[in-house]
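Heads up, the next two complexes both have subunit A, just with different partners, subunit B and then subunit C.
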Partner chain A sequence: MKKIRTWLDDRLGLEALSRFGMNKEVPQHGHTIWYYTGSSILLFLGIQIVTGVMLALYFNPTIKDANASVGRIMTEIPLGWIIRSIHSWSATFMIGLVLIHLLSIAFTKAYRPPREATWMTGVLLLCVSLAFGFTGYLLPWDDLSLAATKVGTDIPKAIPVVGTWVTSLLRGGEDVTGDTISRFFIVHVCVLPLAIFAVLGIHLFLVQRHGMSLPLEAERRKETLQSLPFWPNFMLREAGVWLVLLGALLTTAIFLAPSLGPAANLMSPAPPGIKPEWYFLFMFQTLKLFPSRILGINGELVAVAVMAAGFFLVLILPFLDNRPAERKGRIITGVVYATFAYTIAMTIWSLL
Partner chain B sequence: MRLQHSLFTRRVFLNSLLGGSLTAFAAIFIGPLVKFVFPPYKEPDEVKLAAADYSGLPANEVKGFAWGNKPGLIKRAADGSLVAFVAVCSHLDCNVTYLPAERKFYCACHKGWYDENGTNIAGPPPSPLRRLAVSLDGESLVVKKQG
Partner chain C sequence: MKTRRSVLRPALLVFLLAAGVVSGVAGAVQDVPKPPAAKPAVEAAAPKEIHPTFLTPREKNGAYVFVGWIWLSIGVLLYVLRLKVKEADRVFLAGFYEDQEGGKEPAKHA
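Let's look at the complex of A and B:
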């Protein structure tokens, strides 16, 4: 055994990595709980990969068979219904945790130098996660997913000059058709996984390179905080958190399996009460509220511009919040709270 | 090494030459790849339908047809003539439906309303429904782009 280890280490040089893992320390303080969100996201990402591969064994990404093949997974394939339910719920858990992770970092201002790039790759990971959700939503190809995709892919049309081009790039033509299913499928199972691995690789590398961030106050007072060895102490606690999350996931997946409507028909009217996935609801509600014309400009264009500006501000937040301990920092915290409140309020409103 | 009046060293020059050439070479392939991802599609100039299917349509009722990949609706107007609409909301592309009782077109996605002539009257739609020209040619009903 020892011989094999030395042989491998001589070739791969893994000793340095395992030494890094053994010596890694996790600071203990009032905000330590937020550290768990990162690894929990990885748990759900892992579940998505495993269940996603399983679903792809039976899914047919064509206009004729997409809906029927999901139906077959749910009714004929052994345990198919629970695999689909876990895939659907794990997506929700993962995006929920990504949002909590992001908010915890915004509120503790953990994006302070030198962690700006870590924040920015994190925002990109949020985008990739949302793109996963958006492309995956179409694949069961029922009335709801068709209408949601028509709306979602029509939004870029409001962008001047390139808008129509972007929409037909997303749809594979002027309208949502069978070509859109193939496109969304390959993006969902190939392009986005490659993207998430690339960005996640950089993100995790940066997290290890800079170490865990300390709370702003502790850093200012130059306090020395107690810390816990990552292996095995912190890992044990993480395993506990994972177990609880896994239990919650399985419980929801068993009791609240997602439905499957009849196959979408390109010619039938949008069903009443269409709603996108919950994480797009605040945008959905915002779009509903915007009048068709604002000061002579297309209302949709204004809505898209506002959302794009909002996204850009989130991306460059570490640079805007360059004096976190002063008044400016407190104002920015207030704005983050207000944005959070707006998102929650809009989401609740859209559900009423 | 740098020549006397040169702005950069020979190394920088060579690096940029090689790097630039490789980038330009890679860029050649962007065009064809971009071309490939847009399938050809042309909206139909006209659609021919069997007139008999629509002759019995009562006033204030609609019947669907396919306008390329989009749904179309043929409606019997109050004066007895047939009018055709592309049944796609001008807001965000959802398929609309006609509610005969209310004499309105309705889009369920964001609660958009159009009157019986397809004019946007409430909710987010920024413009009327697209109208198509309907004419009778022997046994067939010809639906054409307007104008």
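Let's look at the complex of A and C:
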């Protein structure tokens, strides 16, 4: 056993990895619990990859077979519906954790210098995660997914000059068709994974480079905080969190598995009560609130402009609030709380 | 002049009436009831929603046992992890890592 370990260490440098883990410090304080969200996202990303590969073995991304192949996965392949359910639920868990992670960074103001780039890559990772959700929603090709994708891909049309072209690029034509499924499938299994690995690599590098952030209060008071080595002390605690999350995921996936609607009919009208996935509901409800025309301008264009501006402000948040630790930045904190409350309220309203 | 007009008016009325009757009869003749549409030889199956379910009772029982086993294992592993965490913290606070190359002493964040 020792010989194997030495052989592996000579080739892979495992000892150096272990030393790196022991050198890496994790501060211990009242907000330490938020540190666990980052690694838990990685856990769910791993589950997404494994279950996604398993589903791709049987999925057929054509207009004729997409729905039938998902139906086959659910009814003929042993435990296929559980794999599909785990894939679907781990996406929900992952996006939920990404949002919690982002909010925890926003509330603790961990985006302040020198961590601006870490925040921006984190926001990009959220976008990639949402894109995963959007492209994956169409793949079962049922009435609901078709209608929701039509609504979603219609939104860019409101943008002047390039809007129609963007919609056409997303759909692979003027309307959502079989070409859209092929396009979304390729983006879902090839383009987005490459994007997430690239941005995640930069994000993790930046986290290592700048270390874990400290609570604002501690930095302001120049408090001395106890810290633990990442390996093994923090990793053992993290393993406990992973175990509980895994148990929750498996239980949810088995008892609340998603169903599959009948194959989408391109000629049939949109079914009543179409809704996107929960993480798009606040945008969906916001779009519904805007009137068709505002001061003579297309209401949808105004809504898209407002949401794009909101996203841009989130992206550049570290440059809007780059005060030293001594300053609390109460206004920005208030805006973050208000945005959070608005998102929750719109989501609940959309569900009612 | 007056006599000519009085002859033409009834003649026009009679013509219009006759034209209306003729076109009505022609319309009625053309409204032949359509033959019933031929039924397809095999009626297309109505699209159904697929609800996820266990394929066999054995699979169902297996899933329940699996969930129970998972939570039991998690409970045991959490207990073991708790002991390991305590041990790792004790070793760290005792300054064991100070002796190792590249190891850290209990660090303080300023």
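Here, the second predicted complex is superposed on the first by the 329 of 352 C-alpha atoms of A that agree within 3 Å, B and C clash if a C-alpha of one lies under 4 Å from a C-alpha of the other, contacts with A are read in each partner's own complex, and residues count from 1 in each chain.
The criterion applied here is as follows: a contact is a pair of C-beta atoms (placed from the backbone, for glycine too) under 8 Å apart; a residue touches a chain by one contact, two chains touch by 3 or more.
The structure presented is a predicted model; accordingly, all values stated were derived computationally and were not measured.
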Original post:
Put the two structures on top of each other at subunit A: do subunit B and subunit C fit, or clash?
Top reply: fit
**OP:** Could you look at A:G296 and tell me whether it touches subunit B, subunit C, both or neither (first, second, both, neither)?
**Re:** neither
Subject >> Partner, of subunit C and subunit B, that touches more residues belonging to subunit A >> reply: C
Subject >> Touched partner set for A:P160, first subunit B, second subunit C, both or neither >> reply: neither
Original post:
Touching A:L236 in the superposition: subunit B (first), subunit C (second), both, neither?
Top reply: second
Original post:
Taking the superposition as given, does A:Q226 touch the first partner, subunit B, the second, subunit C, both, or neither?
Top reply: second
**OP:** Quick one: classify A:K288 as touching subunit B (first), subunit C (second), both or neither.
**Re:** first
Original post:
How wide is the angle at the Cα centre of subunit A, looking out to the Cα centres of subunit B and subunit C, in steps of 10 degrees?
Top reply: 50
**OP:** Considering only touches as defined above, state whether A:M267 meets subunit B (first), subunit C (second), both or neither.
**Re:** first
Subject >> Per-pair minimum CA distance [subunit C against subunit B, superposed on A] in Å >> reply: 8
**OP:** Under the contact definition given at the top, report the residues of subunit A touching subunit B in one complex and subunit C in the other.
**Re:** none
Subject >> Touching residues (chain side subunit A, partner subunit B) in the complex >> reply: 147, 150-151, 153-155, 157, 168-169, 172-175, 177, 179, 266-274, 287-288, 290-293, 298-300
Original post:
Which residues, counting only subunit A, touch subunit C once they are in their complex?
Top reply: 19, 22-23, 25, 27, 71, 74-75, 78-79, 81-82, 84-85, 214, 218, 222, 224-229, 232-233, 236-237, 239-240, 243-244, 246-247, 250-251, 254, 257-263
Original post:
So in the complex, which bits of subunit B are touching subunit A?
Top reply: 37-39, 41, 43, 64, 66, 68-71, 87, 89, 91-97, 107-111, 120, 124-126
Subject >> Residue numbers on subunit C that touch subunit A, as the complex places them >> reply: 47-53, 55, 59, 63, 66-67, 70-71, 74, 77-78, 81-82, 84-85, 88-89, 92, 97, 100-104, 106-110
